[in-house]
């Protein structure tokens, strides 16, 4: 029950077309109206520049095709994450107008529908090693498709700290930093100590043995000795991109 | 070596008071000048409203007294976190002008030195249960001492979801939300689904048995089904307050 | 040795057809008669509406075929869980009259033999996301095949809490609720706070990274801040369905 | 906003004392009325026989005294769990009319206010060893204070299986069984194989070394080979008692 | 250097055929003589009836073929464990006279070379479920090939405790019991409570979700409330068979 | 119902003093007779030399006093494990004739009641370091009080392997070996490679950091590369002593 | 900016070809010159005998081919680790002059470019079992390609301790020892107790069940009772080889 | 039996003062002479500069007094680690001539007996934070008492990376580096990337929440992206000092 239908109900009550007890009965399950609210939420999402996103990992090519077709038809931006090369080939054969970002494993359609959000500045995505690139790219593209200017700085891990220090100015100029690292996950601590901007740390499953599929990097980041660092799930480039975009959004 | 001393060196070289090889020798260990840089960093910290903070857990009352006295003398805001009731009593007897926040276990001095930072809006701190209050209060006070307007909304856990929904407007009006919860740590997911602002999730060690001292809450928050949620260490109210302040800082 | 054979033995003793010492010898291994008792148990199981169920995960198609044929011949309900699509195809080619529930990965035969048990009310199965559907469907079908009326309500996870609140009436009308969720597993807490009926929580292995194959959801559910919630093993839709049916069974 | 105030609003609208737009404004924050709803919930709780319960572990004697006094004054049943012997002494000195159950570590007041709920049958609480008694007693008393007939059968662990088998009839006559065990936590599996009633398994922190404070028992119970078993948190006798009472409640 | 060569050395010293310093030089690396001792060890192994055993898991069919050929030629018993069906086919094509035990995944050659060891009695191998059979069979065959009389009793898990009780006599007559179980691993506790013989518990990786590949069963067995139970590694049927044989060996 | 009462029942049936249906009624709850069986079990325990043992860790001095007095009165051996120095003092003041073994933390009374069991040989208890002595002594005394000849060999850890090798003969002469070690727990592997007797490995909680209270030693022992090694719980010297005694028991 | 360009800048300042402020501007981003420094680092690496090494696990054959070609062209030693047999075949077909070490899974080119570093002595690589050989060989080859004399001693695990003791002299003559072991990982403790040289312990993922993919061996090594032992990651033969080479390097 | 006594034995044999069989009898238990060998080892230890060290954690003041007195009497260096302030006071009252290092919690006597070993260069001990100092000091003093020149550089953690870079020269001049850090344990990676010397990483238990008592730092160090880093147990400053001394020892 939205504002319109509510107004109508009250008018009927006032005009005697609806009894008080009937009106109460109709309002009794207003929480059930939450489906409406969910819809409103949905619209608000689109309004704030957050596109619908398909999580492709668990879905078959057929399922992705069905959803992407529907989204393309709505002529809003259509995104799918964690789509393997093989699935992507199948999907692109069936659905026209899609771009496949191989490293990030993302599919995008209606890219011209991305509107520049009211943003505060530039998001900078850093990665420690080349193996962290798929996750870094997912964060990069997510933030970009959410309408933000995004820069990237890859392969600046702590074992060669001079590489990072060489880009001090770039660090200083960003509004939000997304720092992606696997293995010991030390990069966010170092970056967090160099800047006074929010740092979103993304552990990756890069490593072997006691890297434990990203647990070591995750724990390292949670225990960062630099304040101003917060962490998302292992390999969650998409979540980091969303968080960065949310932070970078200009309050109206 | 800062800009001034660098300028002086170059002048001496130009004027012949210093040979080229001598100048190179002096610059060779510029990285060794990082002590200077650390100082500059330190000043920058103060400039941006981030006060020096003493981590009181591992320190004796005597050590805290010594540091607080020095900080009070510098007449900038003096903060100490994780100071037990007993230690606080001892410290307050020795150092005048301190406020002890018992729930948050924080000591503060020179509180009049807090300058309102250039902030973007209001930070809102939520907690799931009354047992989470010490951590929530640490986040609350940290953000406030960093010069931000902060509101709080405690005991709105998910087992009585109506309590939270009653404050929808308050959620909508915040710029950043800090959500503190122990046990299953589900509150940030629910909050993250209601707002389009950055949510900083803080797991607490509240619970018993398989709560594992906060691990369960931590894992729950890292796997939040709501995007736009990032997590700090267990019981790290201070870190959450810093992160929130960093996000809420206005770019000049 | 069941009641009948026991009666016969006593009669023989009374009538002198069996000496006392021989009778004692025959009874000496009554515990060994537990095979009989197991049979009686087995009959009791059928009587209470609990069909024999084949756990298909570890079994080859050939093994499943052999067992299902035997069960079909006994003309009681025949069920097999965790049967992959591929195995199901093979089994169905060899055994007639089977239904394959693809999402739930269950095979059922002699479906007309399901008798409505004496039940107390309706079981409601909820799931947080679409990826949790295989487990939710296993619970749904298990409860249904055990002779219960079952309703379902899928994709009502906590990140869009209004979706759930819209179905408050449906929640109120159920006798038992099975709540299936992966990732942070927060849904049972929210549901448990809305109803005064027993809630059976089922964690799923849905998620990635620190979801740890369902451990995070499991821990979250065990630490639910709502009382009246109990938990089964990860992905154990079958167990949840059995537990729900056992609770929903009418006494006497 | 409850039914009464809603009726009043509608009447005012009908009678012109309140404009339609004003009525909409008042209803706009109905979710904010959830505080009312929480109260209603609270009353419903009392109505269904679930008393308010104080979790005493984290609270000081002073805090418990304050809350218990308030609850005693409301002349409804007053319960507090996890109250140590020492705290209980202090509380009982200050608050009259309390009973302290030492083994269960529970405090109860206004015990005459317990009303027999509409129950389906008898709840049976079993424990494996004498060390599990505190948790078993907490479950026993919780269920009893929630208005149920409860029986107990302690020290019937699996290492002497004959002890349990001797009480087969008692097992058969219960409507719900709460099975409490530490160490390897095997008892619920054995009990679950003997009865066709719901079994609520409660792992305890009894044991040492690789018992890991109850994790081993918890895992054992979650992996029970008997269907119809669901599990609560380690040492959570209170939760098990609530779950049992919820199951044993008669549908009206 | 064994007793003989040592005697010879001393004689040469006495008779002047070897200088003292030369004798010391020869004895200096006596630890280096450990290679000899290793050989003696090896012979002793054969003498005590413990055949050489190939761990097949990590080895290619080609490697197994090479080793088995060499062992067959030595005309002593040749055993290989953890040989997959596919590898076994290849090996059997190349090496004549081998028996492949499919369930146990063991290959055996020169089976007529097994000599009955001096044994104390019968070893009994029990398993909880049919899925535990591969591990149980590995234990069974290992003990049998080490020259022991072995009985088996499978599928007597605790969820149907009467099945086990029916075989009380069989339990009583064994000298050593090997008890194999997955999931919650409760069987050894029950068996350990029924007999006064050593019980070797073998956890299996049977189960799913929080069975954690056998960890739950392992922990359950280590925390058995019955004394006289000791545990081997997950799925280590071979180790259990060896341990049982070592215990069952008659002292001369 | 034992053999005597059974014979009486049958006689009554034959002689008409008891109807067949009454006889069946009386036998119906034979499993309930398991209390008798438990008693028989209890006597059998005493007969086989296994004394009643009090687990003192969780019990108060008062509780231990009560039990020990009762056991002393029955004039059979009275044992209590894990009794702290302080508790022991209190107990010994109240109960006469007790010996307190301080290192093993065991109390023993009626020591003259220990009967030499029919044993097969000597049990040897080894420990890696001096810190492992409490556990080693618990195993040593348990085995001795169960009527076995026991030898000990302490502080022969693997970091000084020559110490162990010097006692090769002692190792060879034992019938069963109990090997106690903390930290990396490597000693059982080395011992297991030197002897052809059953080795019972006991991990201890000795160590710090990643020793994890004995988990590292436990895991090391479970993964021993020497066959013929089985493991008990961390610090479970009592269990190891029982297992060793059970193995060392002579079959009659 | 290296020494040369720095000298040039100073000269220009002195000669007036560059203003002081311009010079300061050029030096302002000297940290940004770290790219240069990285290059210098790179050269220093080559100078000290540490070749560039490709981590092949995550890379495709195509990627490895591209990098190896570039490295071969620079005519310095070219190494790639963790290259599967299949990938190696593809790479060798495309890039001439490569050697593939199958057990160590390493590819090497321009092997004649290895220069004997200034080394202190011989590195000795030991392994416990034959299954540890891939890791041991990776350490062996890494150290050799870094210009060190290396010996190996494989299959000398602790279950047959005499095998190791037979090579005491070889142990004594090494300068650094790399000890590779899986399962319980006990070998480094024994070796560390026999020598007074640095021991680098390498846990391997060899084992099953509670070996947990090398965690057990890792923990065992970290808790070694022998001082002078340090540990690298599971299966990290390359890291151990580097560490050994770094230790064995002669200070000039 | 050492070389001297062996020579004597041979002479007696030659001269007839000892029969061959008697000589063999004496040598038969040469492995039993390992006690002698342990002594020789002991002497060798002293010769190489490694003093006897008492691990004080588990020992009472009385035990430490007894051992220290004996060691002082032997007039060699006497060391005890992990001695609390309180115990140290007691010990120093009883044993003269001891120095107590409070931060490192070490006791030392006969300090003038430390002989400068033949060392290769200077050992540098770094620590990340002030809380890591106890562990760093233990490493520092251990290495110094083993006769090495040692430097220290504390509080140079990665969150203020400039502090470390300022001491590049100091890093370059060390022969071995011991790097001590808690929390995320990132410092060894950064240091390992700056130097070409062996780095011994020491995780500390500094931190809270998901620092897990040093596990996070330990895992971070094991997964260092810099080669040439090896790790010791959590808080094991003593082990790190020994390892550093062993590496720094000059080969004769």
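So that you can tell them apart, the chains are marked A, B, C, D, E, F, G and H in the order they are listed, and the count of residues begins at 1 in each.
As a convention for this text, a contact is a pair of C-beta atoms (placed from the backbone, for glycine too) under 8 Å apart; a residue touches a chain by one contact, two chains touch by 3 or more.
The structure displayed is predicted, hence computed values, not measured ones.
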item: Smallest count of steps, each to a touching chain, taking subunit C to subunit H; value: 2
item: Shortest path length from subunit A to subunit G (each step joins two touching chains); value: 1
item: Chain of greatest Cα-centre distance to subunit F; value: A
item: Duplicate of the A-B contact set - from C-D, E-H or A-G, the pair where over half of the pairs recur; value: C-D
item: Subunit B and subunit H: spacing of chain centres that average the CA atoms, whole Å; value: 39
item: Whole-Å gap between the CA centroids of subunit D and subunit E; value: 50
item: Intercentroid distance (Cα basis), subunit F paired with subunit A, Å; value: 59
item: Distance from the mean Cα position of subunit H to that of subunit G, given in whole angstrom; value: 26
item: Residues within subunit C bordering two or more other chains; value: 160, 165, 209-211, 215, 218, 222-223, 233
item: Listing of all chain pairs that touch each other, if any do; value: A-B, A-C, A-D, A-G, A-H, B-C, B-D, B-G, B-H, C-D, C-E, C-F, D-E, D-F, E-F, E-G, E-H, F-G, F-H, G-H
item: Of all residues in subunit H, those that touch subunit A in their complex; value: 128-129, 157-161, 165, 183-186, 189-190, 192-194, 207, 209-212, 215-217, 219-226
item: Footprint of subunit H on subunit G - complex, ascending; value: 44-45, 48, 50, 120-121, 175, 196-198, 200, 218, 222-223, 227-233, 238-240, 242-243, 246-247, 249, 251
item: Interfacial residue positions of subunit H with respect to subunit F in the complex; value: 29, 31-35, 37-38, 41, 57-58, 203, 205, 213-215, 218, 233-236
item: Complex contact set, residues of subunit F against subunit H; value: 131, 160, 162-169, 206, 208-211
item: Residue numbers on subunit D that touch subunit A, as the complex places them; value: 3, 6-7, 10-11, 13-14, 16, 20, 23-24, 27, 30
